[in-house]
């Protein structure tokens, strides 16, 4: 019980820091919008095929902005060695990981929800009817992306040129998540019943479970010195 | 209180510690002198469970560091030249956060009490990023004391402080130095190091090369010993 | 002793490769529909198999490193990755050479191709990461974690890509028995053995190289201390 409340304290602390500085949320949001606008130039916005490529565009925007946020995960902790302060606390150190994972998931989820209305307007795609299903897929995807991403950001923060390393390490690992997210989103936007894409939901859930467990086991190896 | 024997730490082919033996009694204030790269910070990090040793044993308060590092952490406070504080949070918020991490009952009252003790009253709601170096360091001391630890490690606490701030830090440390509190400090400033300690140790290249009582030394006599030892290391 | 075993393996690999080449180009019959280009298949499959072994060795050595903290395992993991990367490049070149006349395209987004490509990306990142860290134990710990996660990701990548695209890759060895002439099958097995031995030989030499590097740096430290 004490473990969970400490995980929550770490998460709340991250949220509080973010509310003060707003550094991450702003840049993630602007970046996500920028990606969609750029894609709009790459494709013909009025064209028929835009509905087919739209899920891909949405996910490139969300994943890139999430990566931007991930790079900042441990930055605030390194500046004044706060990570060491956390490591000194009498708790299992995986708590640091889970606190960070939860706050990162919240940031990415907020950005995703804020991006959706712009996505609907830019590409003229009605979302209201399928919103619950879409939020489910987005949540599962973000959990899978952030669980490994937070682990890797612990690596990239202490490596020279780590900002560049993070996507290089993370994107290939996340291929199943990205495929599942794009496929499921496409089917949802086409109004397919859940039966059709339940397989992709299973892939996402499986990935989430496996990699949260692996991260749990390996995190301590990454932060020890 | 703290019993270190045969402690070694190597990073691949680099040896940071090469067999450290050290005993610190309860209530003792020990100052660890040594040039840069002597492994002082590594030693403190091992004693505070941040780094795992390559070999050797550390017993703190009867508990083996390898087995009970979780329990041991409850009794340890660390002050380094980095503050472990979040610049975007206020002084009060920082202390309350750490109080909760240490399961301190009534975190708010404890935080307010410590802010008064380190002389930062009136500043509790200011963001830490607006603090001067000296104020930061005082708040950092409050942070380290939040759970009233019986062991305190100070890693170069004087670095970056001006005369006035250093004086205040010295006074605070004197207050901390009680019968039941064990303190280990690293520094390469001889004046500060001799001022408040009971015992002095010189560590060079991962080994302890000298141990002595503070009362047997003046700044002059210890300087002579120190430079003799440091000069010889190559 | 180890040197002798290494040399023996090297000798065996060299002779088997000659035999395998003979079998692939002269002994095995020409495939009816694909023609001579199919002969690349024997080495293509052998390298594919061995690259997978190489990444598995990295996975196992990574776990061994985290458990024992012996530098040896880190060396094994890193050496094996280098070979895995080289072999993956061989697969991704021999594959298209075969595919162009047979499928009419150098590249298709087939699960096996995509999985190999993704593997190449994962382990190239692993390799780049190693280059970016100078501190030995940190490098070993970080790469061990990537080595474990990367390998566990492989089946998930494979299955998700499999569902994503319908396969057009020929399934040559089916569970109910190979759809190959016996001479072809024999050639394939010999090529498999030859390339596996080749992998083992290069791996042992690569590990030795790393050990020699360590010896040199130790000696250098000693000399600097004495002078």
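Going by the order they are written in, the chains are A, B and C; count residues from 1 in each one.
Just so we're on the same page, a contact is a pair of C-beta atoms (placed from the backbone, for glycine too) under 8 Å apart; a residue touches a chain by one contact, two chains touch by 3 or more.
Note that the structure is a prediction, hence the values are computed from the model and not measured.
Asker: Touching both chain A and chain B, which chains are there?
Answerer: C
Asker: Quick check on this structure: which chain has its C-alpha centroid closest to the centroid of all protein C-alpha atoms?
Answerer: A
Asker: By mean C-alpha coordinates, which chain is most distant from chain B?
Answerer: C
Asker: Higher C-beta contact count, B-C or A-C?
Answerer: A-C
Asker: Return the distance between the CA-based centres of chain A and chain B, expressed in whole Å.
Answerer: Chain A and chain B have C-alpha centres separated by 38 Å.
Asker: So, what's the distance in Å between the C-alpha centres of chain C and chain B?
Answerer: 50
Asker: Which integer distance in Å separates the CA centroid of chain A from that of chain C?
Answerer: It comes to 32 Å between the two C-alpha centres.
Asker: For chain C, jot down the residues that touch at least 2 other chains.
Answerer: 138
Asker: Name the residues of chain B that each touch 2 or more other chains.
Answerer: none
Asker: For chain A, write out the residues touching at least two other chains, lowest number first.
Answerer: 224-225
Asker: Using the touch definition from the top, list the residues of chain B that touch chain C in their complex.
Answerer: 11-14
Asker: Which bits of chain C are touching chain B when the two form their complex?
Answerer: Residues in contact with chain B: 71, 135-138, 140, 214, 217-218, 221.
Asker: Provide the residue numbers of chain B that touch chain A in the complex, in ascending order.
Answerer: 45, 48-52, 70-71, 73-74, 76, 78, 80, 82-89, 93, 97-98, 100-103, 127, 143
Asker: Which of the residues in chain A come into contact with chain C in the complex?
Answerer: Spelled out, the residues of chain A in touch with chain C are 148, 151, 155, 158-162, 165, 168-169, 171-173, 175-176, 179-180, 183, 199, 203, 206-207, 210-211, 214, 218, 221-222, 224-225.
Asker: Would you pull the chain A residues touching chain B in the complex into a rising list?
Answerer: 2, 5-6, 9-10, 13, 16-17, 20-21, 76, 79-82, 84-92, 224-225
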